[in-house]
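Across the two complexes that follow, chain A remains constant while its partner is chain B and subsequently chain C.
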Partner chain A sequence: MAEPRSPVSATVPQTPMGLAPPEGAVVEMDPVEYTLRKRLPRKLPKRRNDVYVNMKTDFKAQLARCQKLLDGTAGHREICIHGLGLAINRAINIALQLQAASQGALQLAANTSTVELVDDLEPEDPDEAGEPLTRTRNNSAIHIKVFYPNPQ
Partner chain B sequence: MSGAKDRMRHKKMRNQPSSVTYSSPDWSGSQKRNGGDTPHSGRSFDSSSHMRGGGPSPSDRYHQQGGWMRGRQAGAQAYAQDLPKCLTASSFAKARAAEVNAMLKAVNKTTGSCHVFGALPKHMRRRAMSHNTKRLPCRLREGALKMLEKSQQSAQKGKKELSKNKSRKARRRHGNLLLEFNRRQRKNKWLETHIWHAKRFHMVKRWGYCLGDRPTQKCYRACYRAMSSHCLLQDLSYYCCIELQGPEDLLLRSLSRLTSKETGPTFAASLCLSGRREGSVMLYRPDQYPSQALGPVLFLWRPCTKGSAHRQLWIWAHPTVKQDLLPELKAVCQCSEAVVPSATAAVPVPAPVPTPVPESTQPSPTGQPTSRKRKRTDGNPDGQPAKKIVGDGTRSPTTPVSWRSPVSGIVISDLSMEIVRYRLIGPLSHTVLSETLEPATDCDAESKSKSCAFWWPEHCKNQDNMSLHQQQSDIFQLFKGVYSTAEFPAGTVLGLTVDDPRLTLPRKKDKALPNLQKAEGVDEDRLRDISLRGVPEQCSHSALWEQSVRDNVTDNKISEQELNRMKSQLLVPGSRLSPVPLQGRIPVLLVHQPGKQQGQEMASWGTGWDLLLPKGWGMAFWIPLLYRGVRTGGLQVGLKHSQNKGVAHFPHDYPDCPAGARFQQEQEMDLLEKFKRRPPSKRANYIKHGCLAPFRCPWQQLVEEWEEIVREGGDAGKSPEDTVTGQPTQLTEMLSHPANSSAPRGSFAVLRNRKALKQLSAWCRPTSSKGQRAQRGSQTAALCPASVASLQTAHPSCLVWVRLSLLTKGHPVLHAMVCVPTADDLQQLLKDPHGSGPQEPQHKDHFKSRIKRRKKGHKTPSSAPKNESSDPNKEQGSDSTQSLPMDQGSSPTRCLSPEPSSTPILTVSKEPGIDPTNSASSGENLTIGLWPKPLPSVTSHCSRLTLGWITQGDFSLTAGCGEALGLVSLAGLLQMLLKQPAEQRGLVLLRNPASLQYRFAKINIEA
Partner chain C sequence: MELNVTKDRCLALTAQAESTAAQPVSAPDPALLTGPHAALKLGLGGFKKVCRLEEDTPCPFPGLPSGFLEMRVKEGSKIRNLMGFAMARMQGGGGGDGDGRQGSGLRQVVFTGSGRAVTKTITCVEIMKRKMGGLHQVTKLRYKGVREVWGSDEGGGSEMTVHRTVPSISILLSKDQLDPQEPGYQPPETHGTLWEEGDGLESPQDPGKRALRLTDLSGQPQSKRVCLQGGSSVE
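Take a look at the complex of A and B:
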């Protein structure tokens, strides 16, 4: 699951938690002095019926993949579609398309969560004083369960 | 007629008497096909041949015709008129006699190879017939026996008698085998895993080591998959470690002369200095930055002990860097005093010079005295048991390995081959580690009280050590809760003491997978803390830094045999040895390696851990690691790893380092040899492809030519360059200054200034491309002639290391050319974004005719040069007339045919054709398809200006398109960027050396 291009500077309210250095309470970092390196979001173990949606792969391909999981030989009764940040829209879109294509046979159950992401800030000036900073920020995620309801 | 047909004909004609000839079948066939009335022409030919053959009677003529001219229907009635009235038997037979003779001769003689069984039909041939003549039918045995004797004689003559005085069994006996191994590693060092590798890898001798290049099994993709989803193991023990000890400030001061802050963090970077992270730095000769680079190194500081300014530093360098680096280090640290190693040095003694090495004190009660005795008696004629070489076997024991400075007290020691370094690449490498390694078990109170020869009980006596060990093992337990190695901060160092991994060897090879259920107990908060801040400072400490501990561990290793014996005596087979033997505690260091940090896609690909072990323990860790389902890779995988990571690989991508230059030279030799091994008709003609340097890139010439172009840029166009460099005069004025003031050229450098690279990287991106966010504009100046000029002034004669990704199709290969697209090309690309790109018109090979001419001369027998050398005057005269006779003898068939009439031509062509001086002068540097040495202008040779060359290129499995790494001229790049429209900035053309097709590629510069 590659992290979608989440906005770096502007849109997400940055919560510099100042975790890393002891003197990190003042994290008024100057963009000139630091290079920002985003780490990958924490990975979780993946089952076969987990689909992580990203913004790089073609939408059609991702939709087809989900469809195949549901009605192929695999024939999962339910799949989970996960989307993070910018990919939330796309995850919802895929889930709804699946439901529409099934003529109402599929049901959706959506959950949201918050994912903690880690950024590394490397000092541009390799002076002895410049400690690399690490900060965390939060991003929203959605987990949609797409399933065939059990016939009662 | 093609050459092959010619040769066939010659073969047929070989045993023919000169009187018999026949027309080639296709000659007559073509005559017939041409329409016309064929019989006449055909007959006339035949009759003429018969005239030469001695004039047969007219009656024969018909038969001959009928014989040679097959399937003639059209002219049937024409023959009927010619039918002879009678046939004279004697004359008929006489005329045939010669032919029959020839036929008999040809039938009796075996053709082709001289093997007797060549005469046998295929279904009667048997295996090993040439060895055992009894497998042949009786009638052929005699000849075969003769053949066999002959071949045996010639073989004895060719090779000197192999001394096999010992039977194979004797040779394979342990002691003898060790002796043999020790002899074989005298020239090229073996790593500890050598024998394992040699059975499975293609080995190469490189940099004084025997290294595995690539596995013999097909596993290119499997290795890639291992790197991107599981774990790949690589033995990096050939990297050399240099240890520096001394006061911190002195060390930093002297080392700072080798580095520059402009290239990034140096030895003094605070995080590295504390010992928590491993750093990497580019080294230069003292005070020579930015020229005279030495190479990149990794370095690791030992965490400081309380209240002591004395520090210890390890510098890990490639072996080719080490040989340049060590003298420089000695110079900057003023370490001139060699410390002579004592008699019982840490360096093991090679077997040929046996000296008393303190044998390991084996505490075990040896149950098999007989076997031991036998080994000793027949193991070595000297009575000394052969000692396995641990560490560097090529060094003599008296060679100094450390040097002390009388002034500052800095001690430099060469620890190459003293520490084993394994690299695990892949997101699950931490899982593999956590399954393989187990933190050392504490030793019981009883052994603590006793004094012991092993280091661990002594170590355990100190309470501080034990608490530290507890902390370290706690952190190591956290590994189980981590899903990907990328979650750790880059370069984290964790020290650890582990149990002997051979004790926990699983029964079956299995793939190590993370099991998060098992890691339920792992504290989430602590995990987060680790991933944010890394390992706390004190936990980076390890006993591996201590020389004495390393030696103790190496000497006291339980042998495999001993271990197996202990295992076999277990009550329950297959269970663990319950009290771990005391000597099985090994200090190790785990060093995290960051993955891909640059670029947008596939972030932190190829991340992993390095495992540092004391020497001697290599195989003891290697096998347990393999049992966790890792793949192994050799040098080639290392290359692919760095290519996919988008980082420069040493020494391939460092042409400005002495090691890189040497590498290029070797590479050129290899490639040239490979090229010449092909038959000439199957070689690519690089001249026709417009490729001047397919085997070695003339970087110096490139840099100089581009500076020239930039200087002359504004002048009115007279050369092909002006298609691109029609410069505004204002720019040239500005640029003329740096050119005049530039330092005496003579060496190029690769641009490694972080700021400059950052600026370039921003300029190379198209400003309004999809997915590209606008740069934080404050820091980078806009791309304009002035800023370009200033950048260029600051960095004269520079190359820039770039990463190229192809836009559409294309598979870049080594030494592909990076070219500047013309304005038309860019227009074309806009119109047709999926087009295949422009083509280079084919060049003309002016050298080919010259080579051909020379070659003709060579075909004549070797007696000719003798005449020539005796008569030098004749040579000079013959030069002018050289071409004339050659044209006469142009058909090789005629020269070689046994007709007596052709011999005069042969002799004529022989005399002037062989010209030793000529062939010597041109023979060395004239090869078909390669430019002779003084190359013409490399930049403007083709229709597009050349910017630089590719040093590594392949289809990238990470990006899904062709990707290449290469170097381009800074001056050229800047000129190109200035000319290009904003939305197409950074587009170049790429052309493979043996292709005429240009492909569009995008330049990325990593900063």
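Take a look at the complex of A and C:
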């Protein structure tokens, strides 16, 4: 064997050497290549005062949105900031910023939870006998209630 | 934000750093919380973080009986190490079978973490709640001061201290009843229900409406993601 990296084509001599698509490393783990597609987290309750923080939108825009909810014309006494996974940090940051900007008038009450997420594994090549798979995993989430204490 | 630069060769940096520090910062500015890192790394290639000291802050849970376990979660902590230790202490030396769990083992544990360790901290708490059950929880958020020392790898001598504030989380898990009026209190066994109902949901939503909105939502971003990840594969 001249080519050290093609154990697959060694076992399947019919395949022309140059065309053997899967490399050894990939083959060991997964016979078929899959595309990992993450589904959206399910069931998002959405009230007027719910804010879902993500990592795509600009931080300042999300902070401004929360601030507006609290002191706008429809000033809410409390808002709920939700963050999932990496966005937990940002959610906490926004809540703490709101509290700091209010000179201590706002209070925070945080709760944590686990969210089950589903990933779809779709075979890259439809000809190969790979079935679509799903995989579930858990991720942590935070829900921060930002509120004015003892509402009148 | 405060900067002490010991050598003159960092003049460019001081100017840059002062310009950021000059902003009116009564509360820690969001840009500063993430900004300096990138700015320092880019503007001054060759500087490395030498050490990171967290400032001491009083325990966020006053009135906690002594003898509770404090777990300080760091960025590089391994969850299996943390959980192995914490679970063993909470369940008692005997391994926690039968009434041994009630008699021995600690009653309370506090998990704290800041910056990038926040997510890991929450994950640890969630795992412990799932494994043990019947735990009351209080979550506290606040800013924490962190003093970072950055040193140059070339010159050797130059060093600088950066004071940053990072968000930090402290979570108390207790086998005993805690004050439900405390902000951030969570009763035992609320897995999964929070996300669906939201805490303090006043009016139950029309399920049909919600489902409709969900389908609207799920259509768009998914197709976007397909384009983004079209070429990628599971490795």
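FYI, the second predicted complex is superposed on the first by the 115 of 152 C-alpha atoms of A that agree within 3 Å, B and C clash if a C-alpha of one lies under 4 Å from a C-alpha of the other, contacts with A are read in each partner's own complex, and residues count from 1 in each chain.
Please note the rule applied: a contact is a pair of C-beta atoms (placed from the backbone, for glycine too) under 8 Å apart; a residue touches a chain by one contact, two chains touch by 3 or more.
The structure displayed is predicted, hence computed values, not measured ones.
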item: First (chain B), second (chain C), both or neither touched by A:Asn54; value: neither
item: Chain B versus chain C as contact partner of A:Ile142, first or second or both or neither; value: second
item: Touched partner set for A:Val118, first chain B, second chain C, both or neither; value: first
item: Contacts of A:Gly85 with chain B and chain C, given as first, second, both or neither; value: second
item: Chain B versus chain C as contact partner of A:Arg39, first or second or both or neither; value: both
item: Partner with the higher number of touched chain A residues, chain C or chain B; value: C
item: Touching both chain C and chain B, counted on chain A across the two superposed complexes; value: 37-40, 42-45, 116, 124
item: Touching residues (chain side chain A, partner chain B) in the complex; value: 2-3, 5, 8-9, 19-20, 31-32, 37-40, 42-45, 56, 116, 118, 120, 124-132, 134, 136
item: Residues of chain C touching chain A in the complex; value: 26-28, 30-31, 33, 115-116, 118-119, 122-123, 125-126, 130, 137, 139-143, 167, 169, 171, 183-186, 190-192, 194-202, 205, 210, 213-214, 217-218, 221-222, 225-226, 229-230, 232-235
item: Contact footprint of chain A on chain B as seen in their complex; value: 261, 264-266, 268-271, 273, 427, 483-484, 486-487, 489-490, 514, 516, 528, 531-533, 597, 600-604, 754, 771, 773, 776, 778-779
item: Residues of chain A that touch chain C when the two form their complex; value: 25-26, 29-30, 33-47, 50, 59-60, 63, 78, 80, 82, 85-86, 88-89, 92-93, 95-97, 100-101, 107-116, 121, 124, 138, 140-145
